[in-house]
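Please see the structure below; I have some questions.
Order of writing sets the chain letters: A, B and C. Residues in each chain are counted from 1.
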């Protein structure tokens, strides 16, 4: 990895929102994020116009999607634009990402050319590319998104990469704002949850960054093996210090939930066992009780229940909680649409 | 299955067409169907407007499609709306359909969430999901469509389920109306035809229901092993009794065709051998003569030839008949577009 | 093959551009091509209008695509129309192409029906279908495109077939015109290049035909085993004779490049080894030096570097050349958009 700047340390651009990339919500100042939120609320009230009239936007899905794809397609259309959906390996060419590669293998096109060509046709390139979950040192380079950020001449919007899911974080922020008003000092719990598979960390990463940037009293509950990336945790800690808050981690979901105002269960894979699922599976068997049920919710009586979806019902949380009155999951999903419109309008 | 209401017995909703689901054409009264037909004829004459302006419609294809997909995409666009095409398992998450499932298997998202989320983005959800053809007791629950009907908060349009293909039936009705005027008392033959594979029964089911609801003298010709579902046949029989007509089944295509005004060959699998294709194949070998050729058509001199397509040329019917002057197949296909516009405009 | 007219000898239609197929650029007179170019330049200057308003266009991709798909989708939208993307075998039915086939195999629908049905929904059918690369006698029938040309009742646009890639050739022509003005007498080199796979010949075929039709002093550089189809080469020769030019082939890239004004490296498979890649691979090992690097470019000091993309970087040409000041690859890619708009507007 050797000297490449990590995605976490990326310098914040000096540009206005127009023309900028949307890779990591934390690259935007609080004032900038507030302006996005303001626009999102205006869209939710039915405001709008057609700022994308005559413009096309490419949506590249290297990985599956329901909410992101449907909400982006609808957002682009409602703003007057055209969504062009492309699925590499399924109808479009597989891409090479290594700089200087001698391309005599199985990948026919370099991201350098794909990004530059798309920039001639469309006004923004939106990309989803999950980690391969074999090697964190490799995944943390986030090479698909990085390739497009480097070679696209139009704004790139991250639809979930190895590191970040900024569209989800912005929708989560909007939902919290609707529910609890200012986030400052509000106790919010991000809790690891059980799941039959090791999952990526983009959602918890982006949620933790967002919550800490906006002054939440964030607690992360997780089994010992499930720490998030230490550099990211350090950033979260520093963000919270600016509000005079102390970041807490605990291995007890029960303890964390007490008096929380929002509970966000989310599963992710263990960095300690990255790429070794058989070994992790043995450990994970001990954590089947990491499910949010009504008993847990009662510890946080007024708390709202959040999730980015898709959710494993009766594994991450029970049907009763997911469908109960504290659940904000559909509001979060709907806010994806409004916040994406805000991002598209601001950048394009 | 135990006490669940069967799709056949679904109560007819008391709502106006606006906001209703379009799952089974038989759930609509004759007066309601006539209003759809009237709108379809108006669209065919070039009338229209943009009743879907600003609206998006999701098209979920769990199974392949040419006509349905192309005609729906074009219909939605010509009405001013946006079609969002999603293919579960091919770019979008696989779905779980069992109520209360502990989701620790391979399906990451429940239809409950998918349907509720899509309802926040789009104005209608259109779904195609074929039977698995392993177990009729299982298939007849029609669980994919049922899942969306139950959990969607916007109208669901059935693009062919285990039981029904109401869009095809409406286009078939429009085509018959163009050709023979009132359907009452007109002799119409639905004939089983040969095919290299066991096929679903949605098209014959919906055609038989529609023909009987509109007073055709319907005859079904089929080999002994190829009865349609007995509950459905009973409904057809009762529909016809209301017109003072007697439903006929015969094992002789020749006999059935005599003096028919319309011939609709269609292949389907045997309920007696459901899920046991090897066994069925041995039986089916005896029915290679179930092909509509010119000799058969001559038995029904003035008859029109109908098929929903795709058709196995020179297996279900000969090239000569399919491409001959009696064939209505392209008219049927075109009427898909006009009737789908009528349905979309009425429901949304 | 027996008496079928070859795609090369297809008679030029007597129709105006309106309603014509766009299968092979060489089927259009120079005057007709000039009118397309003129429209393309007008689109590039920002002119336009919405000639496709209310119209839908089907895009059938039997094979992968990035530029073609994205540029066509954007072109159609910018002209006011709707693109309906269909991928046979991936969501739509597989097609049968043999006339009179007894369809008891694995292909459920005949092109005859698919083309006729689509003609009822859309205003043009655009088709991409690569050769199978097993048998040139079979591939040269170009049966997928031929099937649509025969059975569609609306214009068919070839998005790359076994024989031709007319959209690419038109964009290449536009790019050359921008760079060198009139093509007459300009020395242009089409050079075979190394590649890890045998590739189709549609791009070199269409480039050679176009260059010769417009009076270039065309030279083809290639190893001995890599002759293009002899009938095509004969046509190129005759085209050039009409300008008093002599067509040249050489087995030395170095020699060919001297004083060239444009260099178009492109890989293709050997007709001598068609369908026998293992055998061809052994031979090809000798031609690893067929790469365009800066040293080669220096032989053609003022030359522009062209490629249709995707390009195998550091195999067909070096990064330095591809990204250097002589490279026109992004201009070519952009001109796909403008020329496709010209074709769509002229034909529909």
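The rule is short, and it goes like this: contacts are C-beta pairs under 8 Å (C-beta built on N, C-alpha and C of every residue); 3 or more make two chains touch, one makes a residue touch a chain.
Bear in mind that the values here come from a model prediction, so they are computed numbers and not experimental data.
Undergrad: What angle of turn lays subunit A on top of subunit C when you fit their CA atoms, given in steps of 5 degrees?
TA: 120
Undergrad: Copies subunit A, subunit B: same or different interface, half of numbers shared as the threshold?
TA: Comparing the two copies, subunit A and subunit B contact each other through largely different residue numbers, since under half are shared.
Undergrad: How many angstrom between the C-alpha centroids of subunit B and subunit A?
TA: Their C-alpha centroids are separated by 41 Å.
Undergrad: Would you please write down the residue numbers of subunit B that are in contact with two or more other chains?
TA: 90
Undergrad: Tell me, which parts of subunit C touch subunit B in their complex?
TA: So the residues of subunit C touching subunit B come out as 54, 56, 58, 82, 84, 86, 90-93, 96, 100-105, 108-110, 112-114, 116-118, 120-122.
Undergrad: What residues of subunit A sit close enough to touch subunit B in their complex?
TA: That would be residues 61, 64-67, 69-71, 73-74, 77-78, 87, 90, 196, 309-315, 319, 322-323, 329-330, 333-334, 337 of subunit A.
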